[in-house]
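Read through the structures below before going on.
Look at the two complexes coming up: subunit A is in both, with subunit B in one and subunit C in the other.
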Partner chain A sequence: MAAQATRQRTGFWQNEKARGEALTAYLFLSPYLIITLVFTVGLLIYAVYLSFTRFDLFTPPEWRGINNYIESLGDARFLRSLYNVAWYSLIVTPVQTLLAILMAVLLNAPIAGKRFFRTVFYAPSVTSSVVISMIFIWLYNRNGFINFGLSQLLSRDVTVSWLQEPRGLIEIIAGLFGGTIPADQWWLRGPSVALMAIMAMNIFTTAPTFMIMFLAALQDIPGYVYEAASLDGSYGAHRFVNITLPLLRPVILLVIVLSTIGTFQLFDQALLMTAGGPLDTTLTPTLLIYNEALGKAGPPRMGLASSMAFVLGAIIFVFTFIQRHYIERGTEQI
Partner chain B sequence: MKQTSLTLIILVALVLAACSGGATQTQTAPKATEVPKAAQPVPAQATTAPAQSQQPAASASGPGFFKKFDVEPNAQITFSGWGDEAEQAVWRDAIARFNKVYPDVKVTYQPVPADFQTKLKAQMAANQAPDTFYVDGELMTAFGATGKLLALDDYLGQSGLQKSDWLESLLPVFTNAGKLYAIPKDFGTLGLVYLPDMFTAAGVKEPTADWTMDDLKNAAKQLTKGRVYGFCMAPDWARFAPSLFQLGGDFTDANFTKATFNSPEAVQATQYWADMKLKDKSLASPSDVGSGWCGEAIAKQQVAMTWEGGWMIPFLAKDFKDVKYKIIPLPKGAKGVSDILFTNGIGVNAATKFPKASAALALYLGSRENQEAILQTGFALPSTKASLDHPWFKDHPNEAALAQMGKVGKLAYWGAQGAKVQDAVAKSLEKVWLGQSEPKAALDAGVDQANKDMAAK
Partner chain C sequence: MATATTTQQPAQVVQPQAKPAQYYLDRVIRYALLIGIGLVLLSPFILSFLGTFKTNREILAYPPTIIPTEWHPENWGRVWETSAGPGATFPRWVLNTIILCLVNIATQVLFCSMAAFAFARLNFPGKELVFSGMLATMMIPGAITLVPGYVLIAGRLGWVNNYAAILVPGAVGAFGIFLLTQFFKALPKELEEAAYIDGASRWQIYKDVILPLAKPALLTLVILTFQAQWNNFLGPLLYFQDASMYTMTVGLSFFRQQYQTAWNLVLVGSMLNAIPVLILFFLFNKYYIEGISYAGLK
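Take a look at the complex of A and B:
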């Protein structure tokens, strides 16, 4: 038996057919594999090295040990950006997941013009984020459509400069009760109006992507499950909560994980719409990393930027791990 | 199906854009918090007929005029900078002038309309950068100390030029360890822009060149009526700077090691604007009147006065021909009049194969004959000292007022970490504008951050 197994294993390389197949497979894989190895894995390893150095892009890197990590964790802007993006993720992830489920369930129902609605709902997701950002800059403008609509609705002048308003959510709520937040305690202010404006836009553009995933998952649920449920007297909301949602659980995990990763990496919308302002309330870690790496303010600090990137990566990893732990535990029981 | 729905979306977007009125305007205009580049991408007035220049090319001599020196035979060099089509036309003409002096140097112009600095850094890191290119504060910070630029000091002598031919206040940004790495190609500064008709309507005397800051404050108060504000200013470090300079204050110490914008002078200057904004309510942020920047607020006649620069002139000439405005020098403060200067230069790649030809191009483009030819297209103000009293200014009082401010202004430059200092100033001002913080507390917090940034390695 053992001898046979050994022969089979060594036989693989001696067996011309098997070897040929393997080589063919690698040959087909190679374009992607080489690109990944050079431009992702290779650069990742280089970035690990750079995160321990001082590097200004033009003179050779200079070893700094863990000083970059110490500096980035003490950097007020970096902490600020993490704070912003934590709020961003906390609000955007649940809202867009719920919205995606809702849209998917609606579009899964037998309604007229289903294909039309699917296309319309999905269109924001296939449109370039730059184009969407530009359109939303107009909408959010002080003379823009949002203010116009609100003015009509409330029949009084609404003149909010949505993308230039640094007041935070908690600050505004506190203000309603006559409270104020001291100027230097930014961490008590909550997400700014500008950040929430970007949140709203991002939910609008990303929810449909996840809607497609839920739609696919919904169509995967076999009809006999529902049939059995109806025999047991389960209909409507009861059936949705007890049958549909549990069966969607793996997809919900996937969506929440992807959404968390995506929200922590918010970049293009923040760059285009507010460039991190007002008062750093829409500054995101990736935007800060970009600014530091390319020397948008001061000399390029590629080393510091790399260390910030790894701190951000570690944070995303921890969140993903926790989410997986909680949600997947539930999945296995089914 | 997909196509029709996309068409639908585009239609909706267009309708929405149309609903938002002047919003499109806002987007094309420079944001007020941005540093106005010396030659903000603005359309030049006279680029359609730039050949009108009466200046005989290369035959003039005197301070600031370029003297031909020997360069590599048959040199082929590239020149790159940002700029829209109007700016590109200006430089194509300038290269043609250069080729009259050096017919056998082939210059290839490679304009980069957007993200020029990022692109150039990438090109430089890959040893693919052009031979000559625009150098601004950001590029100087990245290239100057890392040996990527060619020192131009030796070529200055060969071309019969000297540093004192230019406004010397502009040179520190291009200087590293005593050597000059770029030639200021032009400069920009601020003047008091106002709408005379509003003064007449409100029965307020028009500002004069000997106005003081108190006069400005009083007039702004009287001019504020209904939806019109007397003065427009964003919480912007650049517009704030002159009000600090004229009290004798500055953002940092002379060596750029310590932030000083919480000095009593700075508190006083900030309090001045805070009173106008929060007490008199005579000062508007551009967003208060729904404009993207103060130039737009003037154009739409939402404010009576603001501090803006030469980029206003083509902006108003293009889209707001009917607006009657004047530009005069800034009012005086306790220690006389001051202003802030912006500049961009032209530098040479240290790795160029043709250092002499490239240096000749950079020096020629920055020399008096080229800058005066460009002046006559109305595109930019010349950085060569002697050009500031050019006869052209006699018929152009607005530009003349700005040119005179060039002589008294101070350069917007605070060392390698200057951009972060400016950012800290702007954030402090923004807190005051919003009424979130008292001037002193806001400036103290800003100074803390700026000091940390300047200490960073």
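Take a look at the complex of A and C:
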């Protein structure tokens, strides 16, 4: 039977049939292939080319070799923007991952109103970044609810202009002990109050997205694993640390990688809430690239902007590669 | 966490007395946390919603009020009358947003499902290569294609103030294809085989067998596409320079600069943008969650 079928398929008929199927498949794929070849692959190649040129949109690109890369790596504002997102990622990624796990574990238990709580928890994640930014600009204003709430909580007047405060975390702590950080050592100052205000807001909107991923993973853990654990006398915190967390490891890796990719590309909120200010302490690489490319600060510098984008891409790649390597090696040891 | 109910019997065997107290303490802590987190996550929306009814003086007063002292529901009507120049009114921005969403959903559903059908059901040379290439494109940071994208779309193609600037590059996407491919692969093949024997063409199989079976996955794609396009900010910001072409998100950010002091109207606009997505989410949250979980599976 099988041999007969094979023999039948070796003739001209078979070729024509296979060719017909391949042709149909590529016809079905053609809208995607055309769009992606032009707007993804094409743009990627064009970006590589642009990153080696000087281009202001109006006169033809002029070849510069690797000078854009040298210039971007020496650009004070670009380095400042990388410093900002490095702090941003360092704080936001662990905090939102932990919060997401906590919320997922709470929701995974047999509780009344599970659907209701899940829906409430997830609501900030479906709202647009623009709306969230508008709401928080209002909440963060000097007369806003954040200052009011903190004043009530600490029973003293809090009048911080959250989004206009350039002082850094380390600078503030040093100030408590009478220390100062000179202007030429800005990189010792830590994330500014304005940047931390954006961090808090984004943790609020992104943690629920990752919560859903953890929830899906928790629901995939078979019940007998927990039954066996309880027979061995493993409950509560002990069971969470020794059974649940190791089983969640692949999802934790995924969430950390996705979070790193996302945090390094912060744009909407930084543009809307602070436009990179005060004193460039919320300037992000993507915002700088946008400003350079569109000529928001002088003539458009498309080539330089492209080289900055590739430096950013390389940094994201290296970080996610290290995370992947580190966490996967950890898993093998278990 | 499921200790209390699923492990009742073994728990009694191990620790007969400790359990009931632990059980009630667990419950109290758990509900306190759930309600506390829920309140923190919802309070910005509740405060903003109440803020939409306040006068602009009250909305910026200190100490802030939670419940408006005077109710001004007419704020919700005033937003519709605001304008940023000839033809650039709030209703126009809503219309632009709806047009972008509808066309984007239509092309995404059609083109993604066609590509997914090829990946899930047809054999062709280069299949593995094209599929893994597609997954690789999902890893490219948006900052890299931002600059050449602007040069191509605004410069070469001249699509400034043209819906095409958003709709053509976004007509089909790797995420949608991936989502549908996984779903199509899981569908039983018997119906198709019967249809092939009856002489149906591949297009008919796709249209009459696969698509009707794939409704839940298609609905997930519709909802996620709607949300992404409704909330899209960078695209319209880059390509729609004429105020009459603004979408709600770009209009809102403009609104805030223009009407710096009219915070009550900014909040009304924000609520008008947030409410449709929130309603859709409340109605279809199962599909949202499946979509996000799929994203986690790649």
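One rule holds for everything that comes next: the second predicted complex is superposed on the first by the 302 of 334 C-alpha atoms of A that agree within 3 Å, B and C clash if a C-alpha of one lies under 4 Å from a C-alpha of the other, contacts with A are read in each partner's own complex, and residues count from 1 in each chain.
The working rule: a contact is a pair of C-beta atoms (placed from the backbone, for glycine too) under 8 Å apart; a residue touches a chain by one contact, two chains touch by 3 or more.
Note that the structure is predicted; figures quoted are calculated from it, not measured.
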Partner chain in contact with A:Ile316 - subunit B first, subunit C second, else both or neither
second
For A:Ser89, using the defined touch cut-off, is the partner it touches subunit B, subunit C, both, or neither? Pick first, second, both or neither.
neither
Go through the superposed model and pick first if A:Leu231 touches only subunit B, second if only subunit C, both, or neither.
second
A:Ser192 in the overlay: touching subunit B, subunit C, both, or neither? Say first, second, both or neither.
neither
Greater residue coverage of subunit A in the superposed arrangement, subunit B or subunit C
C
Looking at A:Thr59 after the superposition, I want to know if it touches subunit B, subunit C, both of them or none. Which is it: first, second, both, neither?
first
Between subunit B (first) and subunit C (second), which does A:Ser161 come into contact with in this model arrangement: first, second, both, or neither?
first
Touching A:Asp268, do we find subunit B (first), subunit C (second), both, or neither?
second
Does subunit B (first) or subunit C (second) touch A:Thr286, or do both, or does neither?
second
Looking at A:Thr36 after the superposition, I want to know if it touches subunit B, subunit C, both of them or none. Which is it: first, second, both, neither?
second
Once the complexes are superposed, what residues of subunit A are shared between the subunit B interface and the subunit C interface?
57, 115, 119-120, 123, 127, 134-135, 137-139, 141-145, 148, 294
Which residues, counting only subunit B, touch subunit A once they are in their complex?
1-2, 5-6, 8-9, 13, 16-17, 19-24, 26-27, 33, 118, 121, 124-125, 138, 141-143, 145-148, 287, 290, 416-420, 423, 427, 430-431, 434, 436-437, 441-442, 445, 449, 452-453, 456-457
Hey, which residues of subunit A end up touching subunit C in the complex?
18, 21-22, 24-26, 28-29, 31-33, 35-36, 39-44, 46-47, 50, 55, 57, 102-103, 105-111, 115, 117-124, 126-132, 134-139, 141-145, 147-148, 204, 208-209, 212-213, 215-217, 223, 226-227, 230-231, 233, 235-236, 239-240, 251, 254, 261, 264-265, 267-268, 272, 285-286, 289-290, 293-294, 302, 305-306, 308-310, 312-313, 316
Interface residues, subunit A side, partner subunit B - complex
54, 56-59, 71, 76, 115-116, 119-120, 123, 127, 134-135, 137-139, 141-145, 148, 159, 161, 164, 166-167, 183-184, 277-280, 294-300
Interface residues, subunit C side, partner subunit A - complex:
1-7, 10-11, 14, 30-31, 33-34, 37-38, 40-42, 44-45, 47-48, 51, 59-64, 107, 110-112, 114-115, 117-118, 122-125, 127, 130, 134, 137, 140-152, 155, 168-169, 171-172, 174, 177, 202, 206, 227, 230-231, 233-234, 238, 249, 252-253, 256, 263, 266-267, 269-270, 273-274, 277-278, 281-282, 285, 288-289, 292-293, 295-296
